[in-house]
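This structure is in structure tokens; I'll ask about it shortly.
Letters are used for the chains, namely A, B, C, D and E, taken in the order the chains are written, and counting of residues starts over at 1 for each.
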Amino acid sequence: MNGKLVISSSPHIRTIESVQSVMIDVLAALFPVALIAVLLFGYQALLTMVIAVISAMLAEAIWMRKLDIFGDGSAAVTGLLLAMTLPPAPPWWLVVVGSFCAIIIGKQVFGGIGNNIFNPALVGRAILVVSWGGHMAGQIWPVPKPFVIFSDFFYDISAVTTATPLAGQEQALNTSLSQLLFGNVAGALGETSALALLVGAGWLFIKGHIDWRIPGGYIGTVFVMGAALGGGFYGNHLLTGLFHVLAGGVLLGALFMATDMVTSPVTNLGKLIFGIGCGVITMLIRLYGSFPEGVTFAILIMNALTPIIDNFTIPRKFGEVKKSA
Amino acid sequence: MGGATFKGGVHPDYRKELTASLAITAMPAPAKVVIPLQQHIGAPCEALVQVGDTVKLGQKIGESKGFVSAPVHASVSGTVVAIGPYNHPLGRKVEAITIESDGQDTWHEDIKPHGSLESLSPEEIKAIIREAGLVGMGGATFPAHVKLAPPPEKPIDTVIINGAECEPYLTADHRLMLEKPNELVFGLKIMLKALGASVGIIGIENNKPDALRVMRQAVEGEANISVVALPTKYPQGAEKMLIYATTRRKVPSGGLPMDVGVVNHNVGTAVAMCEALHKGKPLVERVVTVTGEGVARPANLMVRIGTLVSEVLKACGGLKETTRKLIIGGPMMGLAQTSADIPVIKGTSGILALTEENVDLSEPSTCIKCAKCVGACPVNLVPTFIAQAAEHELIQRAEKLHAADCIECGCCSFICPSRIPLTQWIRLAKADILERRRQQQK
Amino acid sequence: MKTMSNMNIYLQDISRGIVRDNPTFRLVLGMCPTLAVTVYLINGLGMGLSTAVVLICSNVVISALRRYIPDQVRIPCYIVIIATFVTVVEMLLKAFQPKLYAALGVFIPLIVVNCIILGRAEAFAGKKPVLRSLFDGIGIGLGFTVSLFILSALREVIGSGTFLADTAYAVHVFGESFEPMAVFSQPAGAFIALGLLLGLTNVIFKKLKID
Amino acid sequence: MQVLYAVAALGGIGILFGVLLALVARFFAVQSDPRVEAVREVLPGANCGACGYAGCTNFAEAVVGGEAKIDGCIPGGSETAKEIAALLGQEAIETVPLVATVFCIGDNRMAKDLFVYDGIQDCAVAMKYANGFKACTYGCLGLGNCVRACPFEAITIGPGGLPVVDKEKCNGCGLCAKACPRNIIQILPKGTAGHLVLCASHDRGKSVTLACEVGCMACKACVKACPQEAITMQDNLAVIDLEKCDDCGECVAACKPGTIHPRRNLPVAAPRPQDQVAV
Amino acid sequence: MEKLISIIFIYIFVENFVLQRFFGICPFLGVSRKMETAVGMSMAVVFVMTLATLVTWLAYTYVLVPLGLIYLQIVTFILVIAGLVQLVETVLRKISPTLYQGLGIFLPLITTNCAVLAVALLAVQNEFTLVEAVVFGIAAALGFSMALIIMAGIRERLELAKVPKALQGTAITLITAGILSLAFMGFKGMLTL
């Protein structure tokens, strides 16, 4: 033997997973939707994502005064998630400000990774929405142009515009469900293709990083409320419910934002409650509020309630005897 | 039945292939054995011999008057050369008797068969088992006869033999099941008779198909004994998990298996029980899996109790240069040792040497609340919250989170991507809680 | 010499109120108006000065009457005195600065329950002589005004892109085309800006080793 | 007329509430701790809640009950804190200024490690594993329980893995000494006079030399060398009586391992060269 | 009826007293440290705010307006509230010590809570009827309570977090409140009066 023996408390073997590997898995899971976004919106989409990721990592490195830019990868995840919530061709400074707000106000002031209360990417997005609503959630959105990146690399995607499906009933009726599924629809980068989101989330599910309860509770609630209160366009209440699930940011939110480990409950029951709460608030804002979309606000509000949910849903221990009166 | 399992658990890399196919070989008796006077949970023994005395193999050399206790026996014949504190696998020094072997292995004259099972009463069986110094050989080392004598208000109907061996690396029980199936079944019958129980179950994880096959053959024709295949998952062999998986009975929190009419014993204990009855042989040797990437020639050895671990390792070709951790027991619940200068005791199921690539010394980072520990905990705790409470010395909070129910299986620490020593924190909280409860009782 | 040392005490009273015991950044009192009215610089200044006036007057009067106010009912008495001055200030603003009055709205009457004023009455004016209470009032009042100035300047410049809007000196700091970060003129921005400023003051005070 | 109404209305309300309150106070009087009342008197009475309690009275109760810190009242500041301290008779503590002193200089270059400890970085926890990873069972483990206990950030773990006390910040409260599971930290009167034996080992000479290059090996050379007879052997450890010590420095010359140091120049542990750090 | 429901919803979620209107920030910052105190304070605030709106509305409508003394409203309101609180506190302390422990200890804090005075002033300013005014008082108090309790939950968790030293305490609470306020902006435009 060379070197001294190591003494530690059991167990003596560890999983090969680390925080960094988890973050890389999340990045990989976002790849399909990122790819679709680039195919639809061209180089501007790619640029937005690159700026967001780099400025997020930079913000973290500056705050922590570290040289290792990638680090545990959490800043890159925040940056990419933020980019997913942005329109295809925002001004570059908007992306940078968003990333810095996300990392600093959303995460680092609370003590960095693991300590933040709110989902950093959504904090960044909320600040942008409130500050520059015109850029972020205006009525006009670039029309996606499939495979534009191959045909015309420097095509300015914001030249032709339309409204998002959530803008009103008319726009909703102009959008088919298959369009929503495959992504040929106006909206933020990550809100385009439902299918790509599901594929990515499937990867996280296989790796055990997300659990069915949050997405299930969220999507289920949106579906039920959409069907019951959505007004029943498409001639069918169920299809209306499906529309509400597929359109806008619900899937991105339910699969990637609400499932953010740090800011969602740790208990199983808590996760379900969290998902349902997100769904209810999202639909309230969509149907009755002045914002067309409520995913960001819904998840932030539920983030705030997470400590309380956790405290009230501590699971019953194995073999706990029900207290008889 | 079968297929039922508990919630949670983890799937570590089992690495059993290192020794699973190696038959048990007897290690020659060493020139010197060190027999600690406490190798079990309960009252320590007092030495019955003095320095200079001559002892024979199987002679009782330590005994205690306490009920929860088990005597110790000489595992070689020879001369007592020292009685005094010696290193112990549990970390502190314990009174031990050192015997120098005369190389003869002369059995003590009292060692003789006890007759057939039919001719013995349950009381006689319990006395024989106590005299033989049997303890739980899975590592818990709880005196075996105590488990066979439950209070009369708690009738036992089922005895479960734990053949799960869910700890990675270890194969001692696996080999015993393959090589001594009939002795095992006979041991189970002894237990059934001693307890007046009617059903015997042998639970084996389904990653040991050969053991399942052999054991199923061995119980053919035994109407009240069955072999149950269990899903491969750590900690399938934990007492409460095993009982749930085989009988669907949940041991109440803070309770014992006897509260649901069950007693369980380890494979090794059952085989030793058989030998105690058939040959009158006390517990002087046991099967030890010597394994790990740091061991030159891994093996399943029959080792005399009291053999120094350094001797055992020598018999296996010594440790490799890259060894960084020496563990008594399995990698999930075993104890890391500061040196090999410790004796093999009754509960030593494995000697494990891990090398650099298996010893993760990376610093823990902040909890990212991924809740993997919550999913892995077999007893439904929230390990990260308990650890956090322990770290901030919030003992009451830890208690409210049921820290005292932790079975210390290590799943949470294993699964944690942030490398937080959760099990260690919870153990700390548990100790504090128990300490507080003791003070409150005063 | 004696007058010199007296002057020193008074100067200390003032500087203490602005720096060491700054009501906003150090004592963290009177948060409601601080957050609510600092969207524009002019509102912040108006609020700060109004509060300062009430504080100075009430400090002086309470200090002067401190021997005649029975101990058991001193708090209600203080409140009546403060409420009276608040009403006076409210009427003055309404008459001479109707625009400011409208902007500050309900927060003018709420000066009554500003913890700073009652706190100073109890902690200082109720025990110390008139002159010192006067200077204490000036110090704390100025401290409050300065804090409001800093916070509202920050919020106005970033949140609206202007400086001293609604006055004769209004300027667009970054030019007309600047797209301001409107979150800072929203309630959320007020909380965040004040929180960050508090953190910054903590860092600065620690660097300067002011306790 | 208007003025009359105003006076009448205000006066009416005032009288109404005054009478009501007086009556209620008389009929519903509740006894309370006079000390709480006294503390309540010196508080600003703004009931602002900045202390985290429900009001000044609650804070006063908490202070008297020992739950809240004396300086918990933020609006009151240091003046109020002093007044409360005077009321509760706590000002008498500050007679002799004290300072914490670490009695171990066995840094990671001088003291040998038996094994590598991996787990919760806490001295008391580490001691549960074979009594700590150092060969010396009395020496400092350097995992920083004292650092965490210090409310004034006066202790840091130095480059050699031993705690270093910032004498400016330390006010001798003794929390670090209480937190140290090895009892290595002592609280001494502030000052630079006298010499100290910077070791806490009660082991016999031979085992000390095996474990640490700078441990007291109980050779008694210093006892013989001291002209003031200030040094005594207490259970295999030399102890200098600071009152008798006249700073002559004879003991330093006599001490072979170099355990004794003058207080005016306490050693700061040097880092071990990188190549020797066991990982 | 619809108006009453609107008032309740709006003043809890849309125009939350703490998060959007900045009333009662001091107790919000001070008492949100522990869940236990936050809950106690919340109950006390609901109780006092309801009572205060009722009494001040009556005083305003039936005393100040007929006598033409509207300019005395600040002095009157604050006196009425202070007296009321004192009265309730003293009575409670004697009648039910347990209730006092849970609720009464928060009463002095409420006197200087600007939310109470604000609710009284706004009820008059918005020309609410008596019932509307009382409902408004309850809704405002519930909104305050909600913010307080959410914040207490978050702060209990932040206690254990590695918040940078300079930001600990009030600063991080304010930033959290900011994000919370941001989140609740989502309800903007939902229902109007």
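We take it that a contact is a pair of C-beta atoms (placed from the backbone, for glycine too) under 8 Å apart; a residue touches a chain by one contact, two chains touch by 3 or more.
Note that the structure is a prediction, hence the values are computed from the model and not measured.
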Chain-contact steps, minimal, separating chain B from chain A: 1
Chain of greatest Cα-centre distance to chain C: B
Pair of chains joined by more contacts [C-beta pairs], B-E or A-C: A-C
Remotest chain, chain E as reference, centres from CA atoms: B
Whole-Å gap between the CA centroids of chain B and chain D: 45
Centre distance in Å when chain A and chain E are each reduced to the mean of their C-alpha atoms: 35
Chain centre separation (chain C, chain E; CA means) in Å: 22
Euclidean distance of C-alpha centroids - chain D vs chain E, Å: 42
Sites on chain C at which at least two other chains make contact: 28-29, 75-76, 80, 115, 118, 183, 186, 188-189, 192, 195-196, 199
Of all residues in chain A, the ones touching two or more other chains: 3, 5-9, 105, 109, 111-112, 114-115, 127, 130
Residues of chain B whose C-beta touches two or more other chains: 336, 338, 359, 361, 366, 421, 424
List of chain C residues in touch with chain A within their complex: 179-184, 186, 188-189, 192, 195-196, 199
Residue ranges of chain A touching chain B (in the complex, touch as defined): 1-3, 5-15, 17-19, 21-22, 72, 74, 111-115, 208-209, 211, 261-268, 271, 310, 314-321
Residue ranges of chain A touching chain C (in the complex, touch as defined): 97, 105, 109, 127, 130-133
Of chain E, residues touching chain B in the complex: 159-160, 162
Footprint of chain A on chain E - complex, ascending: 35, 149-150, 153-154, 156-158, 161-164, 167, 172, 175-176, 178-180, 182-191
